[in-house]
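In what follows, a single structure is set out as structure tokens and then discussed.
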Amino acid sequence: MEHYNMNLTLKVWKQKNKNQQGHFETFQVKNISSEMSFLEMFDVLNEQLIAEGKEPIAFDHDCREGICGACSMHINGRAHGPWHHTTTCQLHMREYKDGDTIVVEPFRANAFPVIKDLVVDRSGFDRIIQAGGYISVNTGNAVDANALPIEKHDADEAFAAAACIGCGACVAACPNASAMLFTSAKVSHLALLPQGDPERSIRVENMIRQHDKEGFGGCTNIGACEAECPKGISLENIARLNREYIAATFRGGSKNSV
Amino acid sequence: MTLNSKIPSGSLESKWKTYKSTCKLVNPANKRQLEVIVIGTGLAGASAAASLGELGYKVKTFCFQDSPRRAHSIAAQGGINAAKNYQNDGDSTYRLFYDTVKGGDYRAREGNVYRLAEVSANIIDQCVAQGVPFAREYGGLLSNRSFGGTQVQRTFYAAGQTGQQLLIGAYQALERQVALGNVTQYSRHEMLEVVMVDGKARGIIARNLVTGELERHFGHAVLLCSGGYGNVFYLSTNAMGSNVTAAWKAHKKGAFFGNPCFTQIHPTCIPVSGDHQSKLTLMSESLRNDGRIWVPKKQGDNRKPNDIPEEERDYYLERRYPAFGNLVPRDVASRAAKERCDAGYGVGASKQAVYLDYASAIERYGKVEANKLGLENPSKEKITELGKGVVEAKYGNLFEMYEKITGENPYEVPMRIYPAVHYTMGGLWVDYELQTTVPGLYALGEANFSDHGANRLGASALMQGLADGYFVIPYTLGNNLADDIRTKAIPTDHPAFVAAEKEVSDRINKLMSIKGTESVESFHKRLGKIMWDKCGMARNEKGLKEAIEEIKALRKEFWSNVRIPGEINEFNPELDKANRVADFIELGELMCMDALNRNESCGGHFREEYQTEDGEAMRQDDKYMYVAAWEYKGESQFELHKEDLVYDVVHPTQRSYK
Amino acid sequence: MSWKSYFSTSVGKKLQMSLTGIFLITFLVVHAYINAQIFWNDGGVEFGHLAHFMGTNPVIRTIEIGLFAFLILHVVQGLLLWSKNRGSRKSRYAVKKDSETSKWYSRSMGLLGTLILLFLILHISMFWAPNRGAQTFGDGELDLYAMMRDEFQNVWIVIIYVLGCISLAWHLVHGFYSAFQTLGLATNRYKAMIKTVGVAFSIIVPLIFALMPIAFYLKWIQ
């Protein structure tokens, strides 16, 4: 791999807090190595801003290895930038060339209010999980792990759904700002396992209700979420959520539901 | 003060059982009156908070991330150990206990480790019941793989995302308790002080990272589940936000710090590519199951790896440790890589890397596949193609990650790897009940020092975090809180809260008023360089003494020249970082002091003065068979307390993986 | 949970769109089949039989009420969803490369649907409304075949009809698949099949419709 350096123009969304209007600001960065990650390029920019006595740009990030789901950023019109199956922290600068202009915005959705600059509040996802994204089992007294064999295919499918990192790219990419891919990943993960069976009706009902309450848009099967998901969560999960929902409808739902 | 580890008497096998059946209990009505604060929501924190919430305690959780689900446990890749013996390969509780004690180079407590091995099996049961999608065989039963330092297959896994799946399981259990009203969750909050009332930990001061406001929270007990301090090295596999602040505040309030110098350097990480590097990425230890590690036999060999013929390659782990080969424990593998690179055999542009090669695994798997398909005389290309398919199914996500970071295709070219800071065995000193030397203050998971001795075996961190949270603390906390049922909630306008809050705000004001010229990041990098060079994979007396002086100077400079932009009462990540780096600097000094004190080599602590002729670590059991527990006595003042380690069952010998 | 609350969530509303959509798709098949009788070029004899049956059979007339109800539900719910979904992102992106992640017609169902609605208003007011008017208040059924022959001599009407059919085609490319996805049937096993059938349907049916005005205009049929 040939390494090279580049100078870039960055147009970055600046917003003091939730209540104030935001705007774009333009910055220049020099000598960015093609081996840097996108966030390391932002580190360089922030160090430069601090040295100039300016305020650095706030952005969410933590593990920087594509698994915690903290990083966000809408880069040149794409959630997590242009690479397939990649979070922003794993996007590397060899994607860009000298002289490029990059526009960086926060994930935008009513349900994801901006906290500052590129940082948004994704706590709605926690509340969707609280609405039913779990199996009600207390610690202790679980039966032996091998007491209940699970068909490998189902276990693998459940794993594929459970791989969701809760980053919100599905919402950011969806023209409707819907979080149905996120919601369906959890519904699917638990519906595919026998342990999740007893609560399947109430789970899907309550999670969808919470999804709507948070202000996410509805799903119209556009598919941008799947294309943009860094973990490749499949639309099949939304199909499964729909089936779960229809089944719950016919079953009359759970007696526990509200 | 003498340290009392409170290990129950009786035989190793009976200690925990006896404890559980004799410890004090709190009745349900009283539990509702007892408040517990949990700092950190990784495996230890989330599992503890969920379990305590289920029991009926009033729990508050705090995490600096925007959601509990992002705690860095999520990044653990390879797996979790459990003595299930599902593979019928001779595993048992005792063997897991023995491997862990031996792997830790005989610097862990027998009682604790045995308990860990005992509950390991329950963890797997619990996780499966929660819906954790572990890998399975076609028969529907759980699959296992091997990890370093063991000769059995006891590691349960979910592709290369085991930590994620376990954490999501614990997180879901936690969110369920939040929904039920048993747990209140505070995200984007950082604990900045422990509040002490009458000699007991009774609450915390936390900063709301969105608004910058300081908040007072009362708790009958405070649980620190805040993880390790690997980021003291600046570059590590830890998350950017991982920090020692909560543990360090506790330390300054009287909690002893155990074995701070015991850090684990993980052998298989993607090498540093330049000064811009902000963190290092681990390539799972599971890759050593099938990959072979080598360097050229010739020094400074600049040929491309695929141009170097088989006979000119040095598979140095297989050569030096034929019994365990590429699966030696992490400390051994890391030192061996460093030895080769230091001797001039390193590869890549930086020469600070070795090869992790999958060519022979691809060929081996390809042949097996061809056999399965009944292909006669398959071509070399066909074998390679089939083999790549198998490797992709097993390690696809790791290979993909490597390619994203380096731009090289690991199916074609051997991966370049180098050791990197990964885990800290040291941490707050705790007794058998996970209580620190401050009554009411507990430490769980990586934040405590207890179970891994001087070196942790792969797939044991997840095990310990969950063991502490799900299965240990619910008993031990109850045993202590039983005496607290008459203690009413202390109002947060109590003078102790006021004083603690003032301490925090004074410190923040002081940091903000420095208005110097150098960024926090720059100080952190400088600290990291000192630590890595002088308190890293190899240490010596001279270097450590220098490091201590350099860190002292760095601290002075930090407190006189750091520049923190922005305001106090707003979302200000630079201020958050400054708070953390200030603590890392103080910790760094203690780590060097501890490393200097420990005149022996053991596990992850390698003192160049103490090695065998063939370069293996040499312990000094007669002098250092103890836990070094340091008490804070004021700026740069630490007093050493020793907890002698007694081995009733295992007989310490020189570790051999040959 | 009551039926009403089931159908009031975002997934419930989507189900309404799916079920009414599938009903409308079925209707299109019947409609296309009957109207395609004109291609016998028999002066509208075959067509006339079936048109008479459809216009007078009491069962069909009852179903017709359902058809309108479903159509209105599909339209109203569709527009409400469009407005709600669009409102879910009040602060919009400065740069959005939608074309890299999804198809334009999937994102434009509201627009395509509105175009079809406008076309439908014209279409209904040209044929269905006068005919039912005459049946109810006048001298009985009109000669729909003759009406078609006359109306489609106007090139502008023909163009509008062809554009209406094109809108319908794109609406169907997404709508056909989407209806089945909403019912949870577009699993990996059946997705490709559903998409293929959907695309074929979206080409064939609107093409049959579009050929009618063209055929009259070009005097392929008399």
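Read from first to last, the chains carry the letters A, B and C; within each, the first residue is number 1.
Operating definition for what follows: a residue touches a chain if its C-beta (ideal position, glycine included) is under 8 Å from a C-beta of that chain, and two chains touch if they have at least 3 such contacts.
Being a predicted model, the structure only gives us computed values, none of them experimental.
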| item | value |
| --- | --- |
| Centre-most chain, if every chain is reduced to its averaged C-alpha atoms | A |
| Most contacted chain pair (by C-beta pair count) | A-B |
| Chain centre separation (chain B, chain C; CA means) in Å | 61 |
| Distance from chain C to chain A - Cα centre to Cα centre, in angstrom | 36 |
| Rounded Å distance, chain A centre to chain B centre (Cα mean) | 26 |
| Sequence positions of chain B contacting 2 or more other chains | none |
| Residues of chain C engaged with two or more neighbouring chains | none |
| List of chain A residues in touch with chain B within their complex | 1, 16-17, 33, 35-37, 39-40, 43-44, 46-47, 49-51, 53-56, 58, 60-70, 83, 85-86, 90, 92, 94, 115-116, 119, 121-123, 125-126, 129-131, 133-140, 142-146, 148-152, 155-156, 158-159, 162-163, 165-166, 189-190, 193, 195-196 |
| Touch list for chain C against partner chain A, complex | 1, 3, 6, 9-15, 81, 84-98, 100-103, 106-107, 109, 174, 177-178, 181-188, 191 |
| Contact footprint of chain A on chain B as seen in their complex | 47, 50-51, 54, 65-72, 74-75, 84, 86, 122, 124-131, 133-142, 158-159, 161, 164-165, 168, 171-173, 175-176, 178-179, 185, 187, 210, 237, 239-241, 273-274, 276-279, 281-282, 400-401, 404-408, 470-471, 474, 519, 521-522, 563, 565-566, 570-571, 573-574 |
| Sites on chain A touched by chain C in the complex | 22, 24, 74, 76-78, 82, 103, 105, 108-111, 114, 173, 175-178, 180, 205, 208-209, 211-212, 215-224, 227-228, 234-236, 238-246, 248-249, 252-253, 257-258 |
